[in-house]
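Two complexes, one shared chain (chain A), two partners (chain B, chain C).
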Partner chain A sequence: MRPVYFIAGGMTKFAKANQHKDFRAMVKEAFDYAMADVPNLTLDMIDGSVASYFSDHFTRQLKAASMVQDYLGLCPKPSRRHEGGGATGGLCFQTAWESVASGRMDICVAFGFETMSRVNTWKGNEFIALASDTNFDYPVGGFYTGYYAMMVRRHMHEFGTTVEQMAMVSVKNHGNALHNPWAQFPMKLTVEDVRNSEMVADPLTRLDICVMSDGAAVCILCSEDALEKYDLCDRPVKVTGIGCGTDTMRLADRPRHGVILLPHESPDDYRHLEYPGVHSFRAGRMAAKQAYEMAGITNPLEELDFVELHDAYTSSEIQTYEDLGLCKYGEGGRFIEEGHSTLTGKVPVNPSGGLLACGHPVGATGLMQAVMALWQLQGTIGKHCGGDATLQIPDARRGLIHSHAGTGTYVTCTILERGF
Partner chain B sequence: MRPVYFIAGGMTKFAKANQHKDFRAMVKEAFDYAMADVPNLTLDMIDGSVASYFSDHFTRQLKAASMVQDYLGLCPKPSRRHEGGGATGGLCFQTAWESVASGRMDICVAFGFETMSRVNTWKGNEFIALASDTNFDYPVGGFYTGYYAMMVRRHMHEFGTTVEQMAMVSVKNHGNALHNPWAQFPMKLTVEDVRNSEMVADPLTRLDICVMSDGAAVCILCSEDALEKYDLCDRPVKVTGIGCGTDTMRLADRPRHGVILLPHESPDDYRHLEYPGVHSFRAGRMAAKQAYEMAGITNPLEELDFVELHDAYTSSEIQTYEDLGLCKYGEGGRFIEEGHSTLTGKVPVNPSGGLLACGHPVGATGLMQAVMALWQLQGTIGKHCGGDATLQIPDARRGLIHSHAGTGTYVTCTILERGF
Partner chain C sequence: MAEPDKDAVKLPETETGTVVYKVDPLIVKHHYEIDYIHSYAQDSPWFLGLMQGKLLGTRCPKCDYSYATPRAHCYRCGGETEWFELPKEGTVHTWTTCYFGSEEFLKETPFHLILVEFEGVNTFLLARLVGVPVGGVRIGMKVKARFRRLSKISPTDVYFVPA
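Right, the complex of A and B next:
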């Protein structure tokens, strides 16, 4: 496989009500930021782009990505849009990788955006609910927080996971974001604050849940040839693992047996599980397995220096610790409680603040994670976070980014490593 | 570059009001048809899929592609959706190529679908109008047939193209479809019939314009390794050229100077053109240029045995003859009048009947073109068209498929060649 490098990234601050800003202007801001980081790269050297936004319903502008292409000055070069619910950004990054790995492009821009505040919250929630099965789940009032509440209820029943453990995820991520100027909701919280915030779907409170947001993010990927030929970047990051999994739309259709095993696991680890399909994400397992196999990772807890994962809910961060094999199924609650995922833990998870604190402008989110991971691996968190290097993982050499849609309908895992 | 082969395809009949059919069932029908053509291929050998549908507005089901993935039995394998207006199918095919060419997958399924009859025609037209600029063009009543009418008016003014020449495209394509059992509107027409049908946007009549449709199409691509290892297909078709171009959303923003030259053209060919950006599609030029360069085509008229192109309007078929370099700018009208694009002409264009006669279920259309092209190159048109081999181009060795969005916002060209 042709090596692919990730050389620059940019984003806007994620925020509610960027209504005054056109999505084009938001992407341009992120693009200019990325370009400024690789001064030897000029517009004419870019071969094309891949775009990421979630739903026509939010933009009420079809083919919105083509307007961004023009605004960035990339016409008449190739482009196309990718979508897969909450995993849209992760899928887009992987397609940019394919564009370069296939030899079709030498330099490819991945851009993502969302302008969710164009619609009111009620309407926005209705649109998001349309990403569940509109024949079976939506008509009876199904909505996303409800699905996640059901899943974590099973997790609590099966493994004794507690609401306090979930709250600890919120405390950690909002706290990390205090040092991330790009985040929407930096907050110093306590477990009590999280539990005392409004109940949305028992046991999930408002502070267990990420919010809609406006924002954009941009990643620039290139081939080894281009990297060397144009002397583009002295701290390139290499994409060493790509994984993606899918699952049924409806929870009720999930298989009840057959855990997908990660490279370091054996069938004996999970013989005792009654319903492995309900409290966990099969697609996440598949994505992790593929990415680990490609990157040669056999002990993720030891071999990953940090993880940026899709914590749309505090519960899904706990579930995802397990899906990624950072701990065994059922041990996710203890994993956060014992502090393993804090900034100074065994494997810092969501140093950026994650979706919970950064906000979740869907099409941009997965690319924002990639940008934060790039800066971690380049050792430039301080430079890009207004001089505050608190979030910098010392000597970070390998990280994982994880993007997730629906109730685990699409999940991506991508492994990034220092290439310098 | 890793060679990529196209080994099997299937589709549903394109039709209005497949309302009784779920989009999943439609794709499954097309998928089963494709799988039946490569009996050595089993579900477990497939590495993943790429999906294609146009707008959430038509399905009113977000992440619809993930439900198809499940229905085909492809969970938990990788998948993602691609979109780019009318070029959605063409973009999806090219991404499937990338997935294999990059080494990520050995066997990849591209599936596309649309269920446009889920909404009424008025609503459907409104949704399609949202694929124009919703700040500038849509609010003043801009709609697609109007934009195409403006473009062809300029073409007529500049080059003397006639409405009768446009009608000849409709007569040809609807006539070809008399031998294509998959087409929605096979019709024996005269130039008078076309001109006497209802005027939609002067000079375009109802029979100058394709219609909304329901349908699905599936393409299966594989690597050389997989092809040989599993003995998948004795008539594989090789993907030898991939091109994609983009342009501004608004016609008013198109550049007025600077024709993109194809490999066989010189600047002298077009020095006389006042407004090369208005009567033609810059993105189409870019797509053709890239595809020709990759496939080593220096004389498309001689080197292509047939073309399946995006004739959403009779006028755009004429414009596209020129963009593909089958003739010079301004000569497209004469090209059809002189019969060069008929079944027995120099380069048969739209032997399938094109969008005009097959219908245009957006996400499926570009893949339908690919399937028809596959069968042409395999020499199996008769087998797949109910025993009627009228449309078979004798000894077809190389063809081009062309997919087109908006007013030329995204355009793809893909070159397919016999690989046996």
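Right, the complex of A and C next:
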């Protein structure tokens, strides 16, 4: 595998409904933004693309990626579509990395989108729930918020995690987004606001849950050769770690055995823990372990400058702190309560505002996280956020992006480092 | 043969039309519906069991690992599993009460979802819990299976009530 650089990114502002542009025009807008950031790159130099979108139901169009490839002017170059639920964007980014790392392409575009405003919210929830087992899970009352509510209920039982700790994640992420002009749902909130908002599936309230969105995002990756030959970018970001994990489709089928350990953990830490059960995401731990091994990370809390993770629910952010080894299993609630994941904490988590505040146009989400991470590492947050550099992590050198599909069935972790 | 009258050739006009919500941009209603010919295939015995008041699980004879769900092959060794009858009683491993849901289930809210844990069985079963008021579900609560008298060929043909 040869070195791969991430050189440019773009996105549309995520919105509840973007009815003036269809998915092709939204991707085009994000693509043009990315291209404008690397002026020496022209369309003819691009070798191919990877597409990311989750649901054909939302597009009401099969093979929608072909239409985007066509619209961007990338035909007849190679392309393929990725689909892996909520992790689609993260998987797409990793396939773009593979396309360049393998030598198949020198310059590869990863594009993603979702147009969720095409149906009402509860029909949208139904489409998402169709990404659970339609024979055995969906007919019982298919609702993803319900599944995650059961998972965190068990987390609370095992570890004493509280609803107030979950609410703190919502306060932090919506607050960060006040400085992110790309975000759909910036808000100044209190823990009481979160707890007093409407109960959706006990214990998750409306403000514990991300919203549906229309949006697109684009990432451009290239080889070292292309970077130097064409003088593409003076602030390239290097992809140094790639990991991916999976788990059973049915929550009910999750096993209970030993924890997959990271280098800074020992079996004694978890002598009585049945793992993963339904309280933790085994796929997230597997993805993190692989990415850390490849990047040479042995203590993530000390060695990562920031994390952009998949917080579709406040509870999943807490569970993911643990999967990523930012703290031990069971300590996630205290991790947020002690402020370690705030903008000025030990490892800022979701400086962008995460899915909770940015929105979650599924196929675009994982790529949006990558774009925000790129700008962090380039030190260009201010430039891309309308002159407001509040979210810029000072001297950010290494970050992790994390993408996650329904109840942790697919999880990706990618390590990005400053390459200049 | 006479030449067709060119002016008379046209697509038929009908009484049906399109619902228009907005013209800038143009937003219309598009309806989509489909009936599938769906086979439960290797999982069929599980649904047929429910019709007879039997709740089946699967067990791998090689691994001695048991699933509280239908699973024709073992995820540990890849071998074929055997059907066995699950106990009628179990405990609540975790739960939620849904106040909202997918469109199809909105009219049933609020409802309780539980994962049932059975003594000696390695995995769980997702089910509805009824007969417990909102706020009354607890982890560890004993529950027992009940069956619909008239099967709907659905996993909700079995549901749970307090034991």
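Convention: the second predicted complex is superposed on the first by the 417 of 420 C-alpha atoms of A that agree within 3 Å, B and C clash if a C-alpha of one lies under 4 Å from a C-alpha of the other, contacts with A are read in each partner's own complex, and residues count from 1 in each chain.
The working rule: a contact is a pair of C-beta atoms (placed from the backbone, for glycine too) under 8 Å apart; a residue touches a chain by one contact, two chains touch by 3 or more.
Keep in mind it's a predicted model, so treat the numbers as computed, not measured.
Enquirer: Just to be sure I read the superposition right, which of the two partners does A:Pro76 touch: chain B = first, chain C = second, or both, or neither?
Expert: A:Pro76 sits against chain B, while chain C stays out of touch.
Enquirer: Quick one: classify A:Gly332 as touching chain B (first), chain C (second), both or neither.
Expert: neither
Enquirer: With both complexes superposed on chain A, which partner does A:Pro348 reach: first (chain B), second (chain C), both or neither?
Expert: In the superposed model, A:Pro348 contacts neither chain B nor chain C.
Enquirer: When the two structures are laid over each other on chain A, which of chain B and chain C touches more residues of chain A?
Expert: B
Enquirer: In the superposed arrangement, which partner chain does A:Ala405 touch: chain B (first), chain C (second), both, or neither?
Expert: first
Enquirer: Which partner chains sit in contact with A:Asp253 here, chain B, chain C, both or neither? Use first/second/both/neither.
Expert: both
Enquirer: When the two structures are overlaid on chain A, which partner does A:Gly366 contact: first (chain B), second (chain C), both, or neither?
Expert: Neither partner.
Enquirer: When the two structures are overlaid on chain A, which partner does A:Thr95 contact: first (chain B), second (chain C), both, or neither?
Expert: Only chain B; A:Thr95 stays clear of chain C.
Enquirer: Is A:His157 in contact with chain B, with chain C, with both, or with neither (first, second, both, neither)?
Expert: Only chain C is touched by A:His157; chain B is not.
Enquirer: In the overlay, answer first, second, both or neither for which of chain B and chain C A:Ala131 touches.
Expert: After superposition on chain A, A:Ala131 lies in contact with chain B alone.
Enquirer: Of the residues on chain A, which ones does chain B touch that chain C also touches?
Expert: Shared contact residues on chain A: 60, 248, 253.
Enquirer: Can you name the residues of chain B that touch chain A in the complex?
Expert: 1-2, 48, 54-57, 60-63, 65-67, 69-70, 74-85, 87, 91, 94-95, 97-99, 101-104, 127-128, 130-131, 133-134, 242-249, 253, 260, 282-283, 285-287, 290, 405-406, 409-410
Enquirer: For chain A, which residues are in contact with chain C within the complex?
Expert: 19-20, 60, 120, 122-123, 125-126, 129, 135-143, 145-146, 149-151, 153-154, 157, 198-203, 248, 250-256, 278
Enquirer: Would you pull the chain C residues touching chain A in the complex into a rising list?
Expert: Result: residues 22, 25, 27, 30, 32, 40, 43, 67-71, 75, 93-106, 108, 111, 113-115, 122-128, 139, 154-156 of chain C touch chain A.
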